[in-house]
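What follows is a group of structures, each given as structure tokens.
In the two complexes that follow, chain A is the common piece, with chain B as its partner first and chain C second.
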Partner chain A sequence: MSRPLLYLSYQQDMALLNTPAKRGWTLALAVGAVSLPFVLTDDLLVVLATACVAAIGAIGLNIVTGYGGQVSLGHAFFLVIGAYTAAAISGDPDSTRLIGFGITSLPIWLLAAGLVAGLAGLIIAPLAARLRGLYLAVVTLGLVFIGEHLFKHWRELTGGVGVGRPAAVPELFGFQFAVDGAMFTKAQKLYLLMLVLLVIFGVLARNLVRSRTGRALAAVRDRDLAAEVIGVDVTRYKMIAFAVSSFYAGVAGALLYVMIGFVEPGSFNLGMSVQYIAMILIGGVGTISGSVLGALFITLLPRITRELPAVLPFISTSSGSGGITVFQVETILYGLLIIGFLIFEPRGLFGIWIRFRTYWKSWPFSH
Partner chain B sequence: MRVRERAVATPAAIALREKDLGIWQQVGWAAYWEQAELTGHALLALGIEPGDRVAIHSENRREWLYADVGTVAVRAATVGLYPTNPVAEVGYLLRHCGAKVLIAEDQEQVDKALAIDDLPDLTHIVYVEPRGIRNAYDDPRLLAWPDFLALGKQHRAEHPDAVTQRMDAAAAEDVVTLVYTSGTTGPPKGAMLTAANVDFAIQELVERGGFTAPPPSSRDSVLSYLPLCHVAERIFSCWFGAGAGVCVHFAESIETVAANLHEVQPTVLFGVPRIWEKIAAGVQIRIESADPVKRRIGGFWLRRAEWIGAVLTANGGRHTPASRAVYAVGWLFCYRALKDRVGLRKVRYAACGAAPVAPEVLRFFMGLGLPMHEVYGMTENTAVATANRPGRVKVGTVGEAHAGVEVRIDEITGEIQTRHAGTFAGYWRDPAATAAVLGPDGWLRTGDVGEWVDGTHLRITDRMKDIIITAGGKNISPSEIENALKASPYIKEVLVVGDRRRFIAALIGIEPDTVGHWAQQRRLPYSTYADLSAKAEVITLVQGIVDEVNTRLATVEQVRSFRLLPKLLDHEDGELTATQKLKRNAVMRSFDELIESMYAGGAR
Partner chain C sequence: MNDFVATVIRGLGSGSIYALLALGFVIVYKSMRVISFAQPAFMMAGALLVSYLVGSMSFFPAVVIALLLTALLGAGVERVALRPMIGKPVFVIAIITLGVDIVLRTVVNSFIGLDIRQMGDPWGLGQIGVLGVKIDERHLATLVTTLIVVAALFAFYRWSRTGLAMRAASSDQEVALAQGVSVGRVFSLSWALAAALAGLAGVFLSTGIGLEQNLWLTALKALPVIILGGLDSLGGAVVAGLSIGVVEALVGSYGGDLHPVFGGDFFLVVPYLLMLVVLLVRPYGLFGTREVERI
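After this line comes the complex of A and B, so read on.
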């Protein structure tokens, strides 16, 4: 029976892929994504793999900010916790300079990174229960600076500013991802690994936000007082939101530097938090697919701006030669994009997609 | 009954679906029979004897069919009451049929029954929806549906074979249902349909494929939304299900039909002209109000659809290579999506009947690729008379006679008469009226005037009583003029008058949705229906439609003057029948002054 709207059960109504068209396109998308490593060059694959990881982090931020409505500028803080937890667990135990436990199995350090970051989130959460809006943003902003200071000076863990330490070693049941193999290159393997992880965490998040928890979060976002009145335990759900969001950030942080192989404490600054905010604003607040789109967009943006000097000669590649540099262009673009999206398309890239889809869905009528 | 056989043969197949809290609840054949049998036992427990009447006053829902099947199983007769019936009519019907048990849907219907004092026969009122009744009403006759079924359970435990015994004793001449005609003139009359009548109808329409080809099967589904007390809906919902295992979906209400159609996507769809006109008008309005690109593309393909419809009409419903090619491209660009949105995409057989329809409407749907067939039948012959058969469609006719049906046209009056095994047993407690329509030789006088087209297809001119004779002595059929006018999306009701007058005039009721939309686009402010009707611009709009129709009519038939009705006609006010047919006399009486005003000033 191909009557997709004839719902015979609530399961059918709630299903993610409820129409044949959706199933077909999802399959096509999956096949396309898996076949990419055999088409693209390795350096592009590394960027895409980074985008996948950034997408996991953006999903995390979207859970707390997009669904829960709690503005958080402290995402970099949770990312750095995840990154160093993972690095320390998988680090060399014989090193005299750095802390290391020598457990290189990916699931273990990944989970540990997520859990430690999630714990940190839980500790922060009571602040969110008391503060709202701008005040919460300022408090989370403080977190970033505390984190930056702490990790810059904890040399046994981080290796110190400008020096850093090796990132976590991706190994699954003895299979090494971060070295070139006979069949696949390092980039191809890493890309596929990150893609699979993104799919896993994406589906988990999608399931979370369409559950009772997700609806409770949305209620808190829309009006916490009203949510409390209808029986939503606001404090509890704010804590859940922060814990889950931080878990995702920790996971993303652990994976983020695997590609480069090196972690440096100075990179986790306010700029990184803003980057993630940009991802969810441009991608689409309160949507999982939007987070992925936004992460892809923001990660690929430097690639595109780097091509600009070839087209526009007044943009220089280095800072010494005067005029405007690509890095400045990049920063300006971030700003312009955020302003543009907030004014013209508050629902982000995902909103554009929704509008496009509705246009064809309502064919040949307008509504 | 066939329901029981089907319950034994395919117990798990889905018989009924009804939307409950957003989910379509399914009922298999076994459960259907179980419920119906329980209802039968419960009726026995309430002392129903063979030949007694059980009235059902409800919207279409599962309990309607349980009650119907259960009633027939214990050899009683079902009487359906329209949910929109006002109190006075409910009183008349209950008193006239002498029902012992009334099954009422909710507080509204129970209130109607309780408001009537002298119902000597009525011993029990079973209500299905307890809201507002339980713990609030203390009439001793009231009984809740679950308690009613509990009675049935108890009775079944004591006499497990009681229903089966009754069923085995059933005879072909048992009256299974009283269908009250909607009565465009005078009080409603209850047509008695016997088990043999229904059996004939099922055989003719379902098993021999009197409507569809191939015959309906368990893979088909229908949407039940017209009142079940009407004979046409009874055929499509109740008897198609019992006879062929068609899955019946109940619409939530008449307002949600559009949404339910979109969800259910039925394969067989029957509609009265009013429904089809409304869908057609809706499509046109929505295309017009779409954004420019969609409007152009949609408009372009609607014009192609008109052409395809014209080609199909000329070819008896079959495609020519050219029209098929145009349709294929149009299907890709517009028709597929459009039919899906409206909920007609899976329809393999669409039928229109129960009232005269404008050929333009049929052509519109044929152009969209809908196999549209006009059918003809009436309560008194169990709705079995003629139908357009797939592949041999003649638009403007009601088709050919079914295989086992004799049809003749009276040479003097032009009246259509039918004879077959489905002819009813007579009007309930009204032998005079029975004798007037049913001759001793078995020919049923339908009261419709018609003629043969090409010797095979029947064309209906009008109801005999409605024919207008002008002061000039010309015989004019008002329904043709009315339907030509009603083909416009802006016009909802038309009443053509002119009997013994100098010229033809019309009372016109505008369609509030479309005209309201039209006024909005022109930034015409209006408050109420009456205000909208009185606008000079609206009158000019209608004048344009009337002028356009007049060019296609003979001089004597042309509408020389018209007035817009200041209110929507309504069943509650006695201006429409429950099936939304115009009660000519009632309307003429209420708008007497308007009619006189048209003739007072002389012709323009």
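After this line comes the complex of A and C, so read on.
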């Protein structure tokens, strides 16, 4: 058993870290990610924490769209359900204006947010299972509009447009994450919390997609009729995909505004759904690590473009002063990236990584 | 009663805008089997061009020139962003059109600015009385123009050589190629037509009230319309467009005191709810063709 890449069992072959290189790099990555709070400034850490949360949401979307092949433009709908479930459960019970239950324990509101969103996904799923391809995309898009309308008008829950309500309070066994502590600042604590949660949900998803369920989903994606013929219960697996994906979206929604501490119903619109689609496309469709990469990329994009005016003087930082603004550059760049990636690298950042890896694996031989 | 008739006509006015937009979606869908999410951008571009052109000429020539330019833009987008993607999964192509929409709309918005741009149209907010019913002139103009355009479009599809080529390419691309139809040109033409129709819808949408950045959301209402009518049915698009317009107007006028939970602007989501209900019964819309599947 000294040869490193000799697999004697199926379990060995399907293991998460099946090569020494993967083990080494994963360890390095983990050490790097954990040491970041001691290197970076707080404002960058907040962005990274948001990226971790977005990654959880992107993993969810990738399960239904990347693995299950069901194009969903309705991710924002499930995110908003999660966000308000969590906010309501941890909200102030004495408030006369808003619904609140005062349970600030993180595992409770996080699971509740996921479960309520998952339940909503399960309710939608029978309708979605009847539809195929772009019909489904448009229907899920309709969900976003209906959800946006509902949550804008349900003031006791959401606080209403432009007002909003405080986001869920992250507290674990009496330990407050969203307050500056003696040893760690608020940003450092939140970043580490989100990182740990991302790892937990990432590993769970990775395990799901390499299981029987994951293979069934891939079969449905590749050809649903053929999958049915070989004995995959298509409707059942489509429902599972929707429920799991919505669960992830609910969890991500609950955490998304914890950093800012405030959640407003107007922000969960079609643009947000498109953003998550962009994450999985740019990161890599049908891969968990691709979802994380894409989420990092899209979340960091505004931060990167904000540095542009220093380099390119024709870009202005405020609107109204003529020329193009940073925000316009950001949006255009975002659109062009979507188009560019799809035309030139359909497998996304993950595909670039694969090409890079195969090149160096066989270096200096090209084949 | 007069009130009711006025509401229905207002609904037909906005319904014809939906119908024009939906026709664009259906034309692209028939040729490429893709929903083009770039339609809102073309709609805004058409209206924007008119609002700039009316500075130097009168309204009607401005509309014609603007629509030609929008059609050119549509064909150009198809050539640059979509032609390389032929044969790829439709989902991927649909997302590319989303990207196109984001880019184009940002550019258009930067020209619109934060203010409302006036269209310089001859109707404005004027009303005329017909048999005691007060009707907005612009709604009547929209309805009449739409009916003319739809008739012309159907005639084009039914009787012209190019229309025949487009129908052939839509039913089977390879067979059409074998018969000497240039499928590439059909794609260009479909995109040009769709863009021009969207532009026309944008012009009528912003007559009277003026053009502003948030107007693009109206274009998305065409999505429930095409789903309702069936993705590949031109007639379905018109029927569903007009009926969704009317239902929306009726709910807007009479549904205001349903329940406070629904909110005063409940009519905005009525198209989407209607779409969900219809799809529960008919997964391919009212007039769409059912997909035949072989393993």
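Criterion: the second predicted complex is superposed on the first by the 364 of 367 C-alpha atoms of A that agree within 3 Å, B and C clash if a C-alpha of one lies under 4 Å from a C-alpha of the other, contacts with A are read in each partner's own complex, and residues count from 1 in each chain.
Assume contacts are C-beta pairs under 8 Å (C-beta built on N, C-alpha and C of every residue); 3 or more make two chains touch, one makes a residue touch a chain.
It should be emphasised that the depicted structure is a prediction, and the values quoted were computed from it without experimental measurement.
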* Mind checking chain B and chain C on superposed chain A, clash or fit? -> fit
* Asked: Where does A:V311 make contact in the superposed view: on chain B (first), on chain C (second), on both, or on neither?
  -> neither
* After superposition on the shared chain, which partner residues are touched by A:P364: those of chain B (first), chain C (second), both, or neither? -> first
* To do: In the overlay, answer first, second, both or neither for which of chain B and chain C A:M183 touches.
  => neither
* Asked: Residues of chain A touched: more by chain B or chain C?
  -> C
* To do: Examine A:S9 and indicate which partner it touches, taking first as chain B and second as chain C; both and neither are also allowed.
  => first
* **Angle at chain A between chain B and chain C, C-alpha centres, nearest 10 degrees** => 110
* chain B versus chain C as contact partner of A:V31, first or second or both or neither -> neither
* In the overlay, answer first, second, both or neither for which of chain B and chain C A:L225 touches. => second
* **Distance in angstrom between the closest Cα atoms of chain C and chain B, superposition on A** => 26
* Asked: Across the complex, what residues on chain A touch chain B?
  -> 3, 5-10, 13, 362-367
* chain C residues within the chain A interface of the complex -> 34-35, 81, 84-85, 88, 90-92, 94-96, 98-103, 106-107, 109-110, 114, 220, 223-224, 226-227, 231, 261-263, 265-266, 268-269, 272-273, 275-276, 279-280, 283-284, 291, 293, 295
* Structure fact -> Touching chain A in the complex, chain B uses residues 17, 22-24, 26, 262-265, 286-287, 289-291, 294, 297-298, 301, 334, 337-338, 341, 346
* If you look only at chain A, which of its residues touch chain C in the complex? -> 71, 127, 130-135, 137-139, 141-143, 145-146, 149, 152-154, 223, 225-226, 229, 270, 274, 277, 281, 319, 324, 328, 331-332, 334-339, 342-343, 346
